[in-house]
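Here it is, the structure, as structure tokens.
Letters A, B and C name the chains as they come in the text, with residue numbers starting at 1 for each one.
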Amino acid sequence: MVVGDIATGTELLVIGAGPGGYVAAIRAAQNGIDTTLVEKDAYGGTCLNYGCIPSKALITGANLAHEAGNAEEMGIHADPVVDMSQLRDWKNGVVDQLTGGVEKLCKANGVNLIEGTARFKDENAVRIAHGGEGQGSETIEFEHCIIATGSRVIQIPGFDFGDEPVWSSRDALEADTVPERLVVVGGGYIGMELSTTFAKLGADVTVVEMLDDILPGYESDVARVVRKRAEDLGIDMHFGEGASGWREEDDGIMVTTETEDGEENEYRADKVLVAVGRSPVTDTMDIESAGLDADDRGFLSVDECRRTDVEHIYAVGDVVEDTPMLAHVASKEGIVAAEHVAGEPVAFDSQAVPAAVFTDPEIGTVGMTEADAEEAGFTPVVGQMPFRASGRALTTNHADGFVRVVADEESGFVLGAQIVGPEASELIAELAFAIEMGATLEDVASTIHTHPTLAEAVMEAAENALGQAIHTLNR
Amino acid sequence: MVVGDIATGTELLVIGAGPGGYVAAIRAAQNGIDTTLVEKDAYGGTCLNYGCIPSKALITGANLAHEAGNAEEMGIHADPVVDMSQLRDWKNGVVDQLTGGVEKLCKANGVNLIEGTARFKDENAVRIAHGGEGQGSETIEFEHCIIATGSRVIQIPGFDFGDEPVWSSRDALEADTVPERLVVVGGGYIGMELSTTFAKLGADVTVVEMLDDILPGYESDVARVVRKRAEDLGIDMHFGEGASGWREEDDGIMVTTETEDGEENEYRADKVLVAVGRSPVTDTMDIESAGLDADDRGFLSVDECRRTDVEHIYAVGDVVEDTPMLAHVASKEGIVAAEHVAGEPVAFDSQAVPAAVFTDPEIGTVGMTEADAEEAGFTPVVGQMPFRASGRALTTNHADGFVRVVADEESGFVLGAQIVGPEASELIAELAFAIEMGATLEDVASTIHTHPTLAEAVMEAAENALGQAIHTLNR
Amino acid sequence: AGDDGSGPGGRVFAPPSVRRLARELGVSLESVDGSGPSGRVTEGDVRAAAEDDGEGDDGPTGPRTVQTNGKSATAKRD
């Protein structure tokens, strides 16, 4: 559809090819919508290039080297040496394979791809500046638009990512040597995943966290399992301290912190990784020209179909207010928005959003905690199964942690789950599905689970909530 | 409850403390039944002592050593040495912890434990011969009985487990050195798990299988993934050959085989592991005295509550006709029998029984294959997701295999699944649960799955069946 | 598959808790019209069928032991 001779037209324009945008574009094209996807940097967005994927690849390498080097107990004697630049190259290979795959999948589904940076001209057109010199620009008119421009890392005063010793998570994932001493500012999930990774790769890691525990937002008994293991790995954690600045020293750098009552501390390091959060990218594309307005933190508010206040413009992923900044949320929102454009009766109606943290051990959570359930007016009943009572966990030599299931006492409906332990990120899937299905404790408990698997612990936790666990004592 | 002065009485007698028997005993006691559990050898039965648990522990060790020694691609340089007797000791420690746990759990739930061998006197009493010299015997009268005596390894002509070079799976699991050359007779799941384990630990492994592929009973594209990997590990596989005997040689032994048309082959080895199956233990306890009769292979037939022809005598686990000889089936049957004794409205009504094979990669299956579904009169629709398109699989460096979901086209109900690939044993749990719940493809596909996880491949396979996968092309 | 949630071979699609409830209430699942997606049988369907039956709570069908001087007998739960 050509509109005049200056502008191209498209039924649906998707801005940003992260897990929100590319998934939306593919699904829209599958539904017969003429779809154009514009991306200024790299297919796959933060997730594939600088986030989920590279971090998990490094974690695999770090885990393997660390485990093999610490398995004398099992009769395995090895002294693994990690060539960090080789590990990085392998990781980059994984990223390339996946981003190449995304591009191919878009094309195979008939999505038009445009490289460039989009800015709104008005509520039915964007101007796209192509990258590279003299590449010029073009105008694209659209009937519908999905904003999926994602997020960027937050900078804090005193730490400029332009300075070589100051790392963002992206810099950390690009490292081709392991720093001897690493200070990590922020004990959230990204900070803890990277702390664990670098500690296992041989760095002396110090974590500085403003709050009084790592992994704010997680229950203390969940965080405790990860904290204990981090301590065992030699990670030094300091709570109630905010990083205030850093300076060069003869030998590396010195990072300074401050407590609430003004007490100062100093930590020697070679690099300092600042991982205090991410903020939405909504300030660089003239959203006002489209009649849009972000909240004071930059988020866009949307309805259950992911429509913004301007009805034909949708927003998905990290730019969206109120839903967690996670890749699978972005993708689900992308699917909902795309199908809504196609006229399907959809809504973002998920009962519960699972989340995982790839620390050691992993965390997987979904839905309500016991406290959430109480607050929501349920009378919760809780069941737990420690992995040290799981045959499979013992045979993998990873038996820290537990599965906890939260349900409504009267109806038995599963409301939430918290898992910390081996493969928690995978195990949470069954419970997320149980919640979506409106399943009861009895449904989970009476389903046969393969022996020996970690998934049996999910069943046992449900049995425990019913007062009839076999492999753990019932309270 | 003392009956007269020669016999003790019990409401429920459970014979055999494997995963069928001990689970039944605990559940019965939880339901207020006066329960006695008799075991002649070791708590936990075959599974904990000579089966599932020790095999999986060795697999963990073999995998870790092998992976660490083959990760140059990832920049990990190690040359692990495995001290097999230390690995065995660690494995034994895991077994001891679990069997000790079973004993404690039985006691904590109020189960009376008796060590000894039970034989039926009549249909309401057994005589128990205590182990050890001069330990005597006692008679126990029961109102209900659950037979959970499990199975034993099958011997074949020409191979006597009494001979030192001839291994049963139990001998293999007890090895404190790795044989240089190992011939494995039987390419079923136990044979292939142990072949893979010993190959990774450094043995030269030859598998001899009578049929024309490994893993009979699995679809050929599933078996192929495992066979290819076994080839890469240097495992030499010979099909259509039956082992006929062995003899001592100057240097080790020579195993002879025969094809259907009488062609003979010889394989040099140090040990020969015979893993051709297991048969039920029903011939050593005078079941006739209780009015029972096994089929010609030794199995007992039962109704949906696991009652034998003698109404107050139940049978569970490997002794039961028609259900697969698997630990989790034994446990489920144990629970059904115990609850039926307690008057609960139960039945063994599972829609589908999951099963796992811990080869490299793992296999997890549940319910119907496409062919099964057709045969049952459904019009099956199938969806598949290859792990090489899964971000999580690539980051773990294990991307062989796929998830396949089979559903009824019209209704969308999930009927079965076949997974071969990383963590297949765990991933099958969600699909087993989906089948029990009567879930549809849409239910699975529209549930948010955490990124990046292998479980996303389950969702994508369901999407693929619906013609709308994002990360793989739809046919 | 028919509207009543039963597939070939009379297979009924219903969650485990619903199947157990059906046994408890003495309802034959095959006879229930499922109101869930694709005819999946729900708890409500089974309860409604039990009421329609008029017989309501039939009680569990398993045996319960009754002790008589150390001997045993098996009785239906009432």
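The working rule: a contact is a pair of C-beta atoms (placed from the backbone, for glycine too) under 8 Å apart; a residue touches a chain by one contact, two chains touch by 3 or more.
Here the structure is a predicted model, which is why all the values come from computation and not from measurement.
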Chain-level touch network, classified as line, ring, star, complete or other: complete
Distance-maximising chain from subunit C - centres being C-alpha averages: A
Centre distance in Å when subunit A and subunit C are each reduced to the mean of their C-alpha atoms: 44
Whole-Å separation of chain centres (CA-atom averages), subunit B against subunit C: 31
Distance between the centres, which are taken as Cα means, of subunit B and subunit A, whole angstrom: 36
Interface hub residues of subunit A, defined as touching at least two other chains: 437, 439, 443, 446-447
Residues of subunit C engaged with two or more neighbouring chains: 15-16, 20
Subunit C contact footprint on subunit A (complex, rising order): 412, 437, 439-440, 442-443, 446-447
Contact footprint of subunit B on subunit A as seen in their complex: 19, 23, 26-27, 30, 47-48, 52-53, 56-57, 59-61, 64-65, 67-69, 71-90, 94, 97-98, 101, 105, 108, 326-329, 331-332, 350, 353-356, 364, 389, 391-392, 394-397, 423, 425-430, 432-434, 436-437, 439, 443-444, 446-456, 458, 468, 470-471, 473-474
For the subunit C and subunit B complex, residues of the former touching the latter: 1, 5, 7-9, 11, 13-16, 19-20, 23-24, 36-41, 60-65, 67, 70, 72, 74, 77
Subunit B residues touching subunit C - in the complex, by the definition given at the top: 1, 3, 9, 11, 33, 124, 141, 143-144, 305, 311-312, 339-347, 349, 351, 376-378, 408, 410-413, 436-438, 440, 442-443
Residues of subunit C touching subunit A in the complex: 15-17, 20
